[in-house]
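The data blocks that follow each hold one structure.
Here chain A shows up in two complexes: once beside chain B, once beside chain C.
Right, the complex of A and B next:
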């Protein structure tokens, strides 16, 4: 991949500030680049930028590199990085924050295929179906043919039921998705802001609690 | 006429005003100089000092002056001049914390010819401009300064009491810092050095070579240990800990606890006859160079056969020995209790402990005087490790609560030393250092780094993510080489973890007994971080070495010398000045309630009246509310003085009154230094102890417009804290009529974050309550109007 020079014009400070204001953004400026996230990550060798580098790029506001990286799509959300980060940064949640922004920006990434198929299956059935997910994903990803024997042995043991488990009334779920989408259209960036607000509220509530217990003649 | 007229408060003196002690030749009315410091921009940029000064102009007895740096000679000269010319005879300073410059200003005031007590500082930096933004801060500062003016007018010019010091020092901890402190003091003062372990030397005797010069640790330490042992002025007590502390600074009675060694140190000549006879290896010399040179018994191995007792030519062994206690009398205490490694099992992904997975301290010990392997580096199976990894920052620089926030300072350099040792022992062995930032600040350290690189040590910039012990005793590590952005995996024969260094066990207990506050990291809090680095808030307690934070031998020695100097200076005065703010007994019916209440036996009934022994009194003020006829007041903290101060503070704007004892005051100062923001409605009132308060004062605060009152106590003295609950309940009951919130909280100096959180919540709650109340009142009045 061709790497750009970091220049004032390639740094998007508005993008950086947007991410820093999200619930996971608060601690991002404190990253000391120790690399425990990338060292812990089971798939960082597949990423074009390691989680550590992604955090660094967010610090700088390298929007193009961040949103076009396959890192956010390759992440398996195993949370090892989030658990081990000594600065309390939560890279897994950062990926989850960046994905919808990349989608909203219309950025296509071949690694987003799995996420898309997964959410399609859920939208249609109201439940995840491993069989549908794997078969659909295999059709679009020829390399998956190598996994076929494994899939068959799973099926023979009844671990991959063919019939998807459906929820009773999928239309209710449709309505939820629709409401969400409408809200998204009305207020772009609303997702992140709302989260921040709810977090702040929750924080206040917690503080209140602490005070209730802490105030009365405690030692 | 006496000083009963206190026009400054604008309050007519009530009938029961206690006439303060009269001072001869005092000029009336009192003229007060108010000096406000901009502190560069530290205060001036946030507080509109001109507006504060203008608000004081109505008072004709005041001179108000604003300076850029009041502590400068120019600033001090101005105050001195005003006093000498007779323009003022009392001083209020609005500046940084009194912790920093009170003594500077008071000695200036003394030179200028007034009683130093007649100068007080109002803290408008650490407790105002550093912790609030501009909104509401001017009203707060105006109130605080007016409160101080109201107070200073009625201050008695008291002279501190003198008490004789005990010229003897207890040094706690026999590591390099304690050894240095003891040796540096012993030529001029008697020293008792106690050590928890059975031998001197602390962690240093367990080190191999010492950086950056690679001289051997025992070679430089042993002569010092022997010097301690032989010094006529040093009493060395091993296996000894502090059990109890009684008395006051300058005159402590300390109970020591001695765990049994079963061998009399004075009689043992280390002939070794006992060890040769012992069937279980229970009796041993800790190591060849150990000081004191005496055998000891590990009772977990001893079968009580008595073979050693029979064979000992000096009759030195007593298998029946029990734990003993003794008491000593000392004037000063030097705390040198050092560090211990963080328990690394909290870092789950490192899988410590496991074979060949060591801490750096275990690695050192293997190559030190205390070595159990004949000073050979070896794996669990006895072979030499050909590939050794050093993992830095194990549990350090961690802000999640799993490890410690701070950098342990010494690991970067000692791990490189250890890597050099590996390479020296076997030229083709591999040594890898996994680091985040290579910190080699300080003389000779960058050269040491460079030299280690030249020796062929492999440096990887990246924190180890996982250590997986393999069945064959090797260890697989996984990491990211952050310079390359590539993940890596290596297998090593030995992995050395460089743990965060934490204060040794028992530090808190000892510090609490001595009234020495700790920081939130658990290390002893210095009196001033930069300017008083080995003094503590207890004027007779000093600290040196790693109990003040992780550091190397050089710095521990420097601090040992400093602590010795400071302790000698303290003891050299021969006397200790005791604050004169003691109870005065104005009226007494001989009921004896105060005598019963006093936790320090400082009050006695003599001829049917209570009499105070001022030297035993700590000025806690428990006797004040205890007196049923309100016959006791603390000098300079009388009910009326406090009320006048509160009235002036709250006259400017309503707020939340928070009474702080000196330890809580220190916490507020630390919050300031750390710029922890909190509500500017908070109005601190400093009191010697919260126990001097009674419902009179708290009710007055509510009447003058306090939306809430909070008592924050920071002392760890159980004699006081055990009564706080009762105090709170009593005050709550007796101030109920105001229906305003009252809180008590125990917050030690280290817990400044808890303090600011609590202040914020309390200020908000008090505000909400006040709002509801005023709405209700308005509602009531409009209803009546409608009717």
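Right, the complex of A and C next:
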């Protein structure tokens, strides 16, 4: 990885401040780059940036790199990093905080697609039917066809009922699914709107620039 | 003993075997599980907004009617635990309660079924129910979310409760360094290669330990390690042939229940050799 200097104008301080104001953000400035999170992570070898790097990048406000990295989607939410961080930072929850922001910024990938389908199914039926999830996801992912024998083997054991399980009454769910949006709207100034404007600019400038987060040793 | 019971979505789908064994064993032990009426999904790890997940779980917790709420699933358990922590933020709590018909005071205690057996019912009492000491070697596999992040019930680094349970049933818990390492389940659909490689590590270590089976506490771990085991085998050209047993099935076997009653014939990795070893 080629080292490049991070220029002040590539840093999006509004993005940084937005994250620092969330419950997980409070401790992020205290990260000492010890790397315990990255060392504990079972999947860091598949990530564009390890959890340690991501925390640093948030400190620096490298919005474009952070939101476009596969890191937040590769994370399996196993919490190994979070229970070990000596500073009490929860990188897991940082990933979770970044996901809806990435989605709102229009980031699309397999994971966001699956999460979207999952949320729709739960909003509509109140429960996640595995058959419904897999069949809906397969419609948009042609590669899933090779999972058909797997699906059949589950069916042969009565493990994949075709009739989706449903709540008797789903009326409350629409309101519940709005919880996330409101929490964000409540945020003072540095919120999403202003951010979206700076995004285009900062995003362009960031293009193609590797973040100097000192990751060579790990990569 | 009576609990409010939150089964979670998998019990009505891929974890039918888990469900059968929970029902059979808890009935026999006289622990009453009263299913929450009109329960909703906890959002697993796939409703991406954590505030929405907190709201989904709050709705469930609010319907516990003063009882502790028991759940068989590691994901549901962690979402319920995390909702309680999230609701310490008064703003979020008010906002969530604004959406619930049945308001949540933040005081329901979630318990995983393993905790119900090991702590509340007690291993000494369970030992009295053991008719057939199992005399096998078993891997105690806890997965991620049973002990993390809200580790009120067992250690997140080296938990012991499942080890102790296996021992109580007359079996030997083997030394296993991946007790709490991720199984890869959460990325199974979207990143199968990665998911299979994580499962391969766990299965390989289990094989190396000389165990007759792996014992799990979570439907997602079971799907990954049992239903996907064949895929791992063909991808890496290794034969594991490792039965994956829910802890409730293990209890049932030790209590002398039939494998069929416990749903063991629904597994994808055959369990007949294991059952033969146990001797029934």
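In the analysis below, the second predicted complex is superposed on the first by the 149 of 219 C-alpha atoms of A that agree within 3 Å, B and C clash if a C-alpha of one lies under 4 Å from a C-alpha of the other, contacts with A are read in each partner's own complex, and residues count from 1 in each chain.
Assume a residue touches a chain if its C-beta (ideal position, glycine included) is under 8 Å from a C-beta of that chain, and two chains touch if they have at least 3 such contacts.
None of these values were measured; they are calculated from a predicted model.
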{"item": "Touched partner set for A:129, first chain B, second chain C, both or neither", "value": "second"}
{"item": "Contacts of A:118 with chain B and chain C, given as first, second, both or neither", "value": "second"}
{"item": "Contacts of A:108 with chain B and chain C, given as first, second, both or neither", "value": "neither"}
{"item": "Chain B versus chain C as contact partner of A:86, first or second or both or neither", "value": "first"}
{"item": "First (chain B), second (chain C), both or neither touched by A:3", "value": "neither"}
{"item": "When both partners are placed on the shared chain, which of chain B and chain C touches more of chain A", "value": "C"}
{"item": "Which of chain B and chain C A:97 touches, first, second, both or neither", "value": "second"}
{"item": "Partner chain in contact with A:53 - chain B first, chain C second, else both or neither", "value": "first"}
{"item": "Partner chain in contact with A:178 - chain B first, chain C second, else both or neither", "value": "second"}
{"item": "Intersection of the chain A residues that touch chain B with those that touch chain C", "value": "80"}
{"item": "Residues of chain A that touch chain B when the two form their complex", "value": "30, 32-41, 44-45, 49-50, 52-53, 80, 84-88, 207-208, 210-211, 214-219"}
{"item": "Interface residues, chain B side, partner chain A - complex", "value": "349, 393, 397-400, 402-403, 436-437, 461-466, 478-482, 485-488, 721, 724-725, 728-729, 743-746, 754, 757-758, 760-762, 765"}
{"item": "Of chain C, residues touching chain A in the complex", "value": "9-10, 12-17, 38-41, 43-52, 54-56, 59, 86, 89, 91-92, 95-96, 99-101, 144-145, 148-149, 151, 156-157, 180-182, 184-187, 189-191, 194, 198, 227-228, 230-231, 266-268"}
{"item": "Complex contacts: residues of chain A adjacent to chain C", "value": "23, 42-43, 46, 73-74, 76-80, 82-83, 90, 92-93, 96-97, 99-100, 103, 110-112, 114-115, 118-119, 122, 126-131, 133-134, 137, 150, 153-154, 157-161, 165, 167-170, 172-173, 175-180, 182-183, 186"}
